[in-house]
């Protein structure tokens, strides 16, 4: 049933007509290339616009009040301007963190993509961080394959999301059973999804440990 | 770091087993004969091709695709197929024994979806070279595990009076479903728990 | 070729039912199972595959006299990969949500056995009209099967169809159906029902054949 | 002579049947019945610890199994459902692994799936590869993960012993909307998520949260010994499981004391004993060879420890048994005895 | 205590006859001697209807080397040489003799033969002349076993006194009542073949038999220039009497698959065979009668009897009070390996060790259930096969796979069938498959 049982890979062959074979492939390649480039060029702006919009929406969500973003990467020991996501302008490093500003241009915080092992598979998050208050101000789940109805509540449960409206990162971010949150650095777990909750907390804590000091020095 | 690699490995092998959780390489999985050694050698051949694939995909992603992203699919397919064929010829020369053990399977698997799937997942996730290789070995080990389990069960099922309606692919799908249920036990392994 | 005239109508219908690529030939399992956890995903995958299949069949059939035998498979793959990339880009541009859900599985259409199989078995041997009819039939059959799978999985697994709640808020969804095991189990169950139905039909046909003899004997 | 002859009896026709003409008194229905009888104390314990509603759950899962066997078992279905006793056994064992508060309709569904998916598609009794009861449970757990990981405290703690559990009576296919029942954590999830280990005496007695039949380790241990002595199952399997858990768990306890609870806790908590005594020992889905039994048991033990200590879920007995079920054909092949008179070389 | 590995222990049911002294069956009017009494080629009749024969006269001679003489069990007149029903159900050539009601029916007698002086060739010919075959059940002509091929040697003689089948007690009674004959025969044979060791293996459920043999062995010590006889008690377990298992039990040695005990330099013979040897060489009595057990729940008066070969089963049962009304099934041999009878009008053969009658309750075909893979059959099989798998392969018609799984090693002892809670006729399935495999000229060696 496998498709490849008779794949014949282009290559030198001594049979007469080999020129024709190569020519066919070259022609096919050129035609296909042309088709691809045409489609690519036609769709590229739309795709990039989609991606940029999605990114902006996510960033503005995790850093409430922000309306503008600016990509940065961490190089050596400082933040450097990075490529706008979606474009691949040569030269600039890929974005690692986004500064989020309001209309006035005031820096409200940073949005930091991060990931970690969840219950089922890798969980990808965008974390909103406010250096001034040393606190996390918003989290969005970009990607997860957690169990519907259980683990996927990390993306859907409003009560869980409320944990991140103002979550202190000092001394560390910790998970507690639902309803037992007493301190600003604690996260109320989702009942029945302790593992996914803990995975999120682990990611948040790791983000805090890596980025808090960096961003402090930067701003 | 080594913990991270172990997690990638176990993730691809059991937690998100390529066959039972990602539905990749189903054709050989359902087509495999009931013979254990065939299943096992097919699995080994898969590991082998997956590792080559991982290396190729990493190189392509690193050096070609930034300039021509639309060639991703075509280049993956053609380059992987050619390199595997090249390696196949090399093995034939260098180690006829190894060729006899694995060789007959190589053309069969070069373009199955597990191979292409690995290349795509690995680039989508942005794995580095080493991570990619570990991912490939884990995925291959997972394919091998699934193939070997299925081969054993098939031998048993052939001796059973499976109802006529279920014979053939239906019973195999249901068995795969149960295996997939059983593999859910590995969820969260070495993860956040 | 002239010995038995192939009709466009017949080619269209056979893929839909009698030789349905998923339900009868059991081909293209990987994409059918991986992305059919909801009806919209299944439908998108089906349509993308349909597009690639019809496009490739058209090209392969029209170029069949030109493509030399030894490199035909490689050429088919280049053609298929081109259409898949186009489908991928288009989906990404216009339905980014679904594109994200389907992920790498759109690209994996390249290795879908159904597509290469049709090129090798049909398009490369027949004229454009028949080749396209065959591709449309097979593509529609594939889409139908995927939709069947996606719809049943979504209904049981989420209590919805195309996101519309069917049983009210109190329905207890069978989460397993949208998890990987559910894909295997649901397709297995569908094939089982098909098998039982076929076995019943066969038994009835046999009974019908024997009936006159029995009457004669009595 | 003639008077003597008339005293004699001559059968009209003699039965022709192949040797042997004697057989052991044990038959398959009797085996199943004995295991069912052995389960009576377990059922009683379930009622003691979880109140009379335990009986409803057990009855529901048994009903589901018997009905499915009758409906799908083909020609042999009726016999299988009502005579050989294996279908009710499957249903009852499934019921014993369910949480006390499960809606009854889910228990019926689980019993039916256990038989339909776990047994009849493979051709019925004796031909299934996976433990049917656990197939049913794995299906339920994947289908309704929240319900299957929600535990009730022992009866009498939060509500009177006699009280029914409202959640049991959810309408078929619907959830128990609006009912907010009291939940409790099992010893294993307490250990995993809160780092609290339950004391061994409560584990032995069974006064903890958990599946209906799993809580009383002491009782299960006792029944296991009785059944082993009566040769109802291959004693090597449970022994190998317990030894493997003790050895591997003990080793990890020494190496990583922070992560791994004590060996006794591992042995007596969760479904380990129920699984080891009643489920891993299912003859159909365990190896036939004696050496295979050791391998099978050891494999289960190691997997249980791995899943419990390094996996996401607090408990792994069901998955460990199902995974090793899948290995049985190979285990049997590797451990095939050397035939008499055939040296290793042969 | 010594024994082999695996095996089973069915209820013994030996009490009914174990303590009752053996009686001699009174003569009846007619005897039927099928010419196919033993392994190898059937004998050739040398008498015709109307000929007068004396007790012990040869009536059929060997047809080739693996064949043996058949002697008249009674004095009387040959009434027919024609086809008669064999216990197996087939019609076979047979000699019918009408007993002479006026004859005193004295046993033949003559002076002892000087066996020690005769060459081995002649010894073997004498055994063949006496019509002695293995009385342990298989009825393989004994002289064939004694003619050791060039370059081989028999070094050990194992006398088989296990009698491991339930119900049967005739070997037991022989050991209690005629231990000196058993010991004498073993010593003659051992001395003649030049073995260095003679062992009688007896299961421990026959303490009186063991004691009697030990006493006889002590008394006979030194009466030949061969070794003395050792009596070894064995654990009670079926199929201890199977020769390879007996060898395993006595010496912990395994006869390689497909090979004979001879390859280990061992000869195995049943205790009755030993007594038959002694009777011939010391007294001139050929093999014309044997000891057998009549028992089972369907028999009115169970007994051990000495019966002339050729007596019909009907006559024997009649002597034992007949069958009970519930009796439904009559079996020749032991309950584990015996053969069912379709009619009582068949004669007892040289190899018949018992006549068992079973009642309705026992005879009803037990309901068969699916194989539970419980492994009980594996632990029963002393050949270390996997009977459950063999049975399933047989059902699927996969004979090649069965051959590869060593089906041909099966000795058809039935221990697996006995142990199966699902009443699967494992040994029957294997037996059919074995003949199928043989038909295709295969068979792993």
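In this document, chain identifiers A, B, C, D and E correspond to the written order of the chains, with residue numbering beginning at 1 in each.
Everything below uses one rule, namely that a residue touches a chain if its C-beta (ideal position, glycine included) is under 8 Å from a C-beta of that chain, and two chains touch if they have at least 3 such contacts.
Every value quoted in this text rests on a predicted model; they were computed, and no experiment measured them.
Chemist: Counting only C-beta pairs in contact, which pair of chains has the most of them?
Modeler: Looking across every pairing, the one with the most contacts is D-E.
Chemist: Of the other chains, whose C-alpha centre is the longest way from the centre of subunit A?
Modeler: E
Chemist: Please compute the C-alpha centroid of subunit C, do the same for subunit E, then give the distance between them in whole Å.
Modeler: Once rounded, the distance between the two centres reads 69 Å.
Chemist: Can you work out the whole-Å distance between the CA centroids of subunit B and subunit C?
Modeler: That gives a centre separation of 23 Å.
Chemist: Whole-Å distance, subunit A centre to subunit D centre, using C-alpha means?
Modeler: Each chain reduced to its C-alpha mean, subunit A and subunit D end up 45 Å apart.
Chemist: I'd like the Å distance between the centres of subunit B and subunit E, where a centre is the mean of that chain's Cα atoms.
Modeler: Chain centres of subunit B and subunit E, defined by C-alpha means, are spaced 61 Å apart.
Chemist: Can you list every residue of subunit D that touches 2 or more other chains, as numbers and ranges?
Modeler: Those would be 117, 121, 124, 127, 139, 142, 145, 312.
Chemist: Multi-chain contacts in subunit C: which residues touch at least two other chains?
Modeler: Where subunit C meets two or more other chains at a single residue, that happens at 74, 77-78, 81-82, 85, 89, 111-113, 175-176, 179, 181-182, 185, 192.
Chemist: Please output the residue numbers of subunit B that touch at least 2 other chains, ranges allowed.
Modeler: Residues 27, 30, 70, 74, 78, 111-112, 159, 166, 170-171, 174, 177-178, 181, 184, 187-188, 190-193 of subunit B touch two or more partner chains.
Chemist: Think of each chain as a node with edges to the chains it touches; is that a line, ring, star, complete or other?
Modeler: Graph shape, chains as nodes and touching pairs as edges: none of the named types, so other.
Chemist: Which chains are in touch, pair by pair?
Modeler: A-B, A-C, A-D, B-C, B-D, B-E, C-D, D-E
Chemist: Going by the contact rule at the top, pick out the subunit B residues touching subunit A in the complex.
Modeler: Within the complex, subunit B contacts subunit A at residues 7, 11, 15-16, 27-28, 30-31, 66, 69-71, 74, 78, 81-82, 85, 107-112, 125, 187-188, 190-193.
Chemist: Show which residues of subunit D lie in contact with subunit C when the two form their complex.
Modeler: Residue positions touching the partner: 103, 106, 117, 121, 139, 142-145, 147, 170-171, 173-175, 177.
Chemist: If you look only at subunit A, which of its residues touch subunit B in the complex?
Modeler: 1-7, 9-11, 32-33, 36-37, 39-40, 88, 90, 116-122, 145, 195-196, 198-199, 202
Chemist: Spell out the residues on subunit A that touch subunit C in their complex, using ranges where they run on.
Modeler: Touching subunit C: residues 1-4, 6-10, 13, 15, 17, 20-21, 24-25, 28-29, 32, 35-36, 39-40, 43, 46-47, 50-51, 54, 147-150 of subunit A.
Chemist: Please name which positions on subunit B make contact with subunit C in the complex.
Modeler: For this pair, the touching residues of subunit B are 20-27, 30, 70, 72-74, 77-78, 111-113, 116-117, 120-121, 124, 164-174, 176-178, 180-181, 184.
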